[in-house]
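Chain lettering (A, B and C) follows the sequence in which the chains are written, and residue indices restart at 1 in each chain.
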Amino acid sequence: MSAPLLEVDGVTRVYSSGGLLTRRRVVAVEGVDLRLDEGKPEIVTVIGESGSGKTTLARMILNMVSPSAGAIRFRGTDLSAVRGTAARLAFMRQVQPIFQNPFEAFNPMKRVDRYLFATARHMAGLAAPADIEAAADRALRDVGLSLTEVRRRYPHELSGGQLQRVAIARALVSRPALLVADEPVSMIDASLRASIVNLLRGLCVRTGVSIIYITHDLATAYSVSDRIMIMRLGKVVESGPVRTVLDDPQHEYSRLLKSSVLSPEVPSNGAFFHA
Amino acid sequence: MGRIFIDLLRLNRQFAAGVVLLSLVTLFALLSFVSPYPPNDSYVVPPDLPPSWSNLMGTTSRGQDLFWLLTFAIRNTLLFGITVAVISRILALVIGLVAGYSGGLVDRALMSINDTFIVIPLFPILVLFYFVMKDHMSWGLLALMMACLGWAYDARLIRSVALSLRTREFTETGIFSGMSMRRILVEEHLPYVLPIVFSTTMNNINWSIGFEVTLSVLGFTDINTPTVGVLIYWANQHTALVAGIWWWIFFPVLLVILTFIGLFLLAVSMNEHIDPRSRLGRSEG
Amino acid sequence: MNAPVLEVSGLRAYYRTSAFGIRREVRAVDDVDLRIEAGEIYGLAGESSCGKTTLIKTIANAIQPPLEVLAGSVVFNFRDRRIDMHGASREELRDIRWKRLSYIMQGSMNVLNPVRRVRHAFVDFAFRHIGRSKAEFLDLVRAHLRRLHLEPDVLDAYPHQLSGGMRQRVTIALATVCRPEFIIADEPTTALDVVVQKGVLAMIHAVQRELGSSVIFVTHDMAVHANLTDRLGIMYGGRLVEEGRTADVFRRPRHPYTAHLIASLPRLGDAAPKEGLTGAPPNLADPPAGCRFHPRCPLASDICRREAPPMTELAAGHRAACFHSDRVSPP
């Protein structure tokens, strides 16, 4: 058994709110386990609807939120031990996010190449401007763009698809081992989604980066991922290899999800909604 | 930037009016550099003369030409207001941005200090300050004191913007790009905060000038350097209104009112500007 | 033969702005013609900045500067009257709202007042149009809710006590209680979870069948169109590029954009990687000359770059705006 890349061990996250007299507890994530192995790059999809806890889980893996119970270990190091600027930078070098809204991921008032250069400087430890630009260009080429296209551009000058590619390129500059993509294509036009999803698949195969792919869209999950984890109200209801789970779901909720997905095909028998 | 300025001038009457008023006042203040009479000299002209062509605003009971004296007075008053504004903006920005970004204990600590400063009654403190300082009182000291009292309200305003910016995704992108907190605050958040800062600056200048005039009229400042308030103080000392020397009170008050209105118009029109450009920019199909 | 319920002819609506250093004309809707018959569900598909939102706004007469209607007309032929949306008086427009023409919008929070019970929304919007006593009106509402498989006691709840899907269904009940002849549904299920979406769509389908209303259903989700609509119109770059019976459009698209759109959609159970479109939708402030799709079109030729192709009827009830529609390969 190879060394673990990521171990999510019985992780729970509880949010409590309210004042002195009333306290409300919301269990966002409960008892989730997940393991990714070193040297075996794969795409794991976490599927769930709103309130399933998938985004909270993603934020915990990115060390943006700490678990209330359980532990998350990345390459053996517990995330709660990542303290101080040096340790945090070292962690972020290896684990990078891709966010849902490409237009929000970049400051509308600033140029996008700035983030690429900053990542190259701080994450890849490059100092010479020529090296920094080369690293940015290389990352952009990995996603099908180039520095000349993106240089000195503001976010509103690029399309949603292009911006998301730039975001992926930025995440790749430091050659991370793990990408956590939170609904990376849900805000992108349907006709452009396929290319981004294929891009992620290609990156996994070519560069060996593992990807945790969060989505609510079962159809893309089917074609792009290796494993799948279905979450509902904070708990994992079913997980396993994607074809196995989606071709023949065992859990009642998984079956409900699958049957609710609309296929982009006109039903041949003409019956639309046998509610 | 220049384009925005010109468009604002063209389309926003309030902004244009404010700019015109302030330009007039500033021009007037600049005339102090060509004044034929040093400000503290007295009895250089016959006293108590009403406005005429040789003394545009008349003369005071101390034999000073009011027109040239006022140029110094308004210059000092404006300088005072600007100094207070600059120092208090820096304080408000640093505290507001850091509190909003850091959250948690740092935020709570800073805001406790902030709220203390908000509830302090300013006027008694300033009077107390005068009595403690007495002869060591100077304008610089007063400006510093007022700056230290004038940042709290706006720091909270800036903090609320910083709080909302903290949760936006581009801040996370900045963090994951390895940017330090200082870099994120200055390069990412500051541009969003600056329009508010500019608008509150106008209000701040009005506020500090208002206080300065109040304190000076009551004699709680250094009465030897001419400012608008000090001018009115001396007018009162010489019972100008009773003696019929109305111009000694009228012109300083008029000038300070023009300044206030100009600054107010700028502040109000800036508020409108903060949104419409982005509103227009967002109107799409 | 009855006149179509909705006739849009030669509609041109642009956003024109000129201030604060920005001067531009966004050609959001450019020469659109379409007809919707009584009792049919017409789907309007298209991606971001294709102009479908503006088209809906123009049809509903929700026009505010900087949006201007430059040419064309929007005419509704209701059972008792004919109304030109842009020429009608305010009283006429107020008369038809909710009774003849109603809306289902994205985000039910826009409709339901968060501080009042759901019952009040019905009273505020619909009571005036029904013209009966309050008690009779509420009975009518309860019967309507029951027919739509909603519990009548939902009337006593506050909006925040209901789930998102439930609120949307209440909004649909609200929009249909006066039995309108035409319903404008603007992305009503976009923000909803997939399980909830199915329920809401089923409800829309049931309501439409019961009332016999016409529906224009706007969404970018092609799967919804495939399963719900009778006819489908595809918009691109401010223009209608294809229109026909949904089954025909899916089986044999006649416009390269439609073909690519359908081919790029993922299907559950189909592991083959899909191919996306290259490039980006046109900037409507500065659209390409000729056919607006030509920069991304694999079939583009010289004439496509110069002239905008007209909408031509290629088969019964199936139109497309393409010079090379015969070379579009079926998916």
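Methods note: contacts are C-beta pairs under 8 Å (C-beta built on N, C-alpha and C of every residue); 3 or more make two chains touch, one makes a residue touch a chain.
This structure is a prediction, so every number in the text was calculated from the model and none was measured.
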(message) With contacts counted as C-beta pairs, which pair of chains has the highest total?
(response) A-C
(request) Please identify which chain has its centre, taken as the mean of its CA atoms, farthest from the centre of chain C. (result) B
(message) How many angstrom lie between the centres of chain B and chain C, each centre taken as the mean Cα position?
(response) 54
(message) Centroid from C-alpha atoms only, then distance chain A to chain C, rounded to Å. What do you get?
(response) 32
(message) Based only on mean CA positions, could you tell me how far chain A sits from chain B in angstrom?
(response) 49
(message) Give the residues of chain B touching no fewer than two other chains, as numbers and ranges.
(response) none
(message) Under the definition above, what is the set of chain C residues touching chain A in their complex?
(response) 47-48, 164, 193-199, 201-203, 205-206, 220-224, 226-228, 246-247, 250-251, 260-262, 264-278, 280-281
(request) Show which residues of chain B lie in contact with chain A when the two form their complex. (result) 168-170, 172-180, 187-188, 191-192
(message) Which stretch or stretches of chain A touch chain C in the complex?
(response) 49-50, 159-162, 189-198, 201, 216-220, 222-223, 243, 246-247, 256-258, 260-267, 272-273, 275
(request) Name, in rising order, each residue of chain A that touches chain B in their complex. (result) 64, 85, 89, 92, 96-97, 99, 101, 104-110, 115, 118-119, 121-123, 167, 170-171
